[in-house]
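Letters A, B, C and D name the chains as they come in the text, with residue numbers starting at 1 for each one.
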């Protein structure tokens, strides 16, 4: 086990920068998630870590060994990394069983031990009955699970997951999340996990790196990211919530209910403004009273356990909240904002 | 770089140098050997001669047109037999492989007879042309037509390996866009197969360029020279600088190949797509009411390129002497009897040729796997250069390649003092050198379309290059390998021009045997042997079908 | 046991017969032989010589012009065979570099169903033969080149004759084999061809016949020669002597060729020896004019 | 516009049944979602609708026309259907622009009109800048968006979506959901939408079909599915919640708080039982009192806005609820269950 250091990594394709000056230090055995909008460079980072793409500049260190730099390149098969590809990359000519067992075969594991471990891995992903099938005879989700099983049979130092659960339903995802936790605990491997599902990232990762257009925006624990996002973009990106323009206030601090209502009231008449983040659960419908503002229901969407309600303030700003009951569009209500977090304006 | 890879590269580059570059270089040296400052050096004479340039132009025309015909035929057959629900797929494919086995001279002659003044069919119908009326086959276009037919299977096999790897969902997406089958074909299938078509076309072009038999048969009467016939003319002269002139002419062919390769590279550069994944189902267009007409069309084409020549061949092997009509009275199996009972040479020739063909095909298949793999990893330009170097020995006429091998191997090998000259070994080496590109072409085009993630996943599993080659790349490109090996086998089993100079007593090949018989006037015996060769090949091919269930899918072209 | 290496352009069957007979007469010599068409054989030989090896001890190839060119390049050994006295002077080189062993003449062949019966070369320029005649091309066949040299030297024919042949659409083929096929299969009813091919094939039942033209026939002599630097000169000399001996010439007769020695007779299907007119021919001169002849021919026939 | 009827559809691959006796009637212009675990046959159903797979038995009708039956088969290009493939199926030799524009080109739309519509579609999926790229040069999410754009340029009668948003982050998904709604409104096309994301299905679809191993389990509006699931399996599958074994009670009815606590108490001593569904939001932590039961915290996972809390009852049964604060594992608490829904036992 060794620390994984990405030191000022740059990557460009045909002159176009895709990853720009990325610095990350991943402790041994840490579970790290990469989050970011589609096309921000997450897969590219994994591919550089795995050694499929050379870095354009900077270096990747694993402990004392330099894995990649503009001069050096340790080839993938010498890295002892595991990976689940976004495109699965199953070998079409091998059965499910052979696909999963191939890494073991390469490691010359004996065949009964191998069978046992394949069996185990297939059980985890609930594909025991499909052992003899070819990948072409599987459904999308089943293929993804084969790819997962393949990455779980060996015990690599570092495992890279590229959206490993994108095609699975929620129950299977929950099950798989459990599996990842168990795998992580058992092997102590360092895990780098790319996902577009924040709740997945939040629940699995020790730390999360949020990327935007190839640059690191924030790097911290899930709680820190959720509660104290750095700027407007991040606040919008992580979790659900609304960014409100209010009267000026110092960035990066909590604002309590009284102050918040005050800031909102003062805003309308001012030019200079700050942005604050209001989470939906911090908004309550209240009877008319001192600390309350008038809102109109703009939209109401059913989400299973509850409804997403989109509200409009009198000055036209939008707010998102939840409600257990459907609400009539265009009806007027009063709400109180319990707290908010003030943001840096985006650079 | 990985040490396995490094050793692999070094080994293979030595091999390429030995097989392709050294013979070509030796010819170049020969071409330049008598260059003096005076204007009368052989090379200068070759370059100055107007006929050189006429032949060059003619070669270009016939090979180009021949390639076009080969592409049309090969692709047509390829698309119809792989993509549609035509009946009896396996039989069509099987039959389409066989015309390669019939000497083109036989094909030409059978057509001349079929449509000539002596045609038995036309004569009974009263449609036969007057004695001596002009024959359209004796023309550049006639040459091109035969060249095209001869090399169509090259295109067909190269294309087929690509077609069976086409992901089905790409076609489905086009159907959803409401594209008619024709548009799907034009807009999706053809572009996706372009790399294979170009590879097949390149093979066809190069093989047409070096072909001597067809232009000799059809071009000489029409006074139409191409480079290989011009080369033969030089040899037939009595001059002492014949070798340098011949080598000089061959270098012109080599230049033509290089130019062709640049074109090919340019075409393929823009058609390298890795196809994600593979499909299990084979694509099948429902032909509905077009099926019968299409089947009839295929059948009539096969009649022309296979049945008629084969029939002519069989007829001429069953009469006592050339030109006699086949009737119940004249029917005789004496030619077969004589060839089979004269054990010695016939048996030897069969053994030698089958052995050479098998071993060359096998060795080349084994070599093209790592070679193709390494080439794919080279920068585009380097790859283009190496690929064209490999191509040169196939393009220059076999007889010239044989000269190069004599020049290289007539003396015992240095240090070990073993002489390869006069053994089967030298023919074997020459075959390797000559057919390397035939085997490699389909493999390269298949590899270029492989999804790189599949290999990356194996790298993650810790598999080193050799292991990846065997476990991942080989099975995924197996149809291409087999296509390459099959082509080498089919071409070398009755190969003539290379072995013509290199054979020696005891080392006869089938091609040499047939040719020598034919040349010394025993064309009936020659036909008998040719019939036996076709039967042998057809037999071996059917035998292969027995193994099909154990081989990866799509490996045996005539087995679904 | 001595090993003698022979390069020959005789047809397989004949070569085998010759070798068998020689080995029977010389039981302590074993012959290893390579057979190919003269052109290929010479190409092979030239390539070997060019890399500095002398493989064969004896050559037995179609024509004397080729031998002449080998002489001028200094590749042949001179040997005065005691048997030469029985031969006409024109059949061997006076310094003993090579000896003609048989006479292969080029004459006329016709399909049995053909409407005309040509009797002389000049018939082929008549309108009735327009586009009906095949001949071997001198650009590809040594024997045809000698035929050309012989006919163009003949005063009544000359180059004018070849120009008229072209006007009359006579079609050149790659070699004698091509002509045989064209005539036997009926694609061209008439042709120019070497005697033995046509006569043998006709004997087997092929619907063709061979005609010795009135003006005369051109000929090649299938000479035998010893290589300079031959490993086994003694055996080579024995081989030359054998071919020139009466026994050797008898063999030629059996194989169906006109023997070079005048006192042996003619094979079946040939007219009497005296009825065959041989046109005069000078190998050394032909070699000299060789390039010019080819160029002139290709100008006429390839435009 | 016409009604789409799936009449007793069967499908088997090599003798193995994958879809079994499916009956669905989809009204013209309806937005229907297919939900179900991985491998239950969703993609197969779409492929049969599109005409790529023949049906093994039964028939598919579109208005009066029989699209597919064991005897008949209208070929895809005659159906005027659109589809987004789970595997995207982008043509690798065409640029993004050409991929998107191909259906228009086939329909012989003039080039300026075509360019306009391509431009529009690319704007919707935010890929204007990538118009000239080849698919191989795109990230996973970008490829998916190209596939989406391609399905949106034309105006088919029926559009089939196979997990069209699986690889997109939540914000892009929200945006795309909007797009689908707008598209649906504008074209009035019938839409069949496969997804594994229930909240997506719930918010988009008029009706949802839930499948299990090739069989239809329930077919109804999102609200009905969420509130009144038919059996235990469905209750577990749709939304989050816990199925509790309680004393016997008639199926398919609401149980109020008092009855529920009573049923739970009586259960422990009995053999015959019923199952009820308790949604997490119906569980409240309360001070000790009459209507309350003791629970132990089993696990507590951060999910961004709140924590998932897994509770264990005294008899070992598990319950899921949410809490705004993290809770110590193994601490004891009291809860009240506000309501529940009684389920049919699974067949």
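The working rule: a contact is a pair of C-beta atoms (placed from the backbone, for glycine too) under 8 Å apart; a residue touches a chain by one contact, two chains touch by 3 or more.
Heads up on the chains, UniProt names are A, D = ABC transporter ATP-binding protein; B = Iron ABC transporter permease.
Predicted model, so just to flag it, every value in this text is computed and none were measured.
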More Cb-Cb contact pairs, comparing B-C against B-D, go to B-C
Here the gap between chain B and chain C, centre to centre from mean Cα coordinates and rounded to Å, is 35
What's the distance between the Cα centroids of chain A and chain B, rounded to whole Å?
55
Inter-centroid spacing, chain D versus chain A (mean Cα positions, whole Å)
22
For chain B, jot down the residues that touch at least 2 other chains.
276-277
Hey, what residues on chain D touch two or more of the other chains?
87
Among the residues of chain C, pick out those that touch two or more other chains and give their numbers.
none
Checked against the stated definition, the touching pairs are A-B, A-D, B-C, B-D
Residue ranges of chain A in contact with chain B within the complex:
50-52, 75-77, 80-83, 85, 87, 89-93, 102-103, 106-107, 134-137, 150, 154
Enumerate the contact residues on chain B facing chain D in the complex.
167, 169-170, 172-181, 183, 187-188, 191-192, 194, 271, 273-277, 286
Chain C residues touching chain B - in the complex, by the definition given at the top:
11-14, 32-37, 39-40, 42-44, 46-48, 50-53, 55, 65-66, 68-69, 72-73, 111, 114-115, 130-132, 134, 137, 139-142, 145, 171-175, 177-178, 180-181, 183-189, 197, 200-201, 204-208, 287, 290-291, 294, 298, 301-303
Which residues of chain D touch chain A once you look at their complex with the stated criterion?
13, 35-39, 42-44, 86-87, 137-142, 144-145, 162-163, 166-172, 196-199, 202-203, 222-223, 226, 236-240, 279-281, 301-306, 308, 324
Where on chain B is chain A touching in the complex?
1-2, 276-281, 451, 453-454, 456-464, 467, 471-472, 475-476, 552
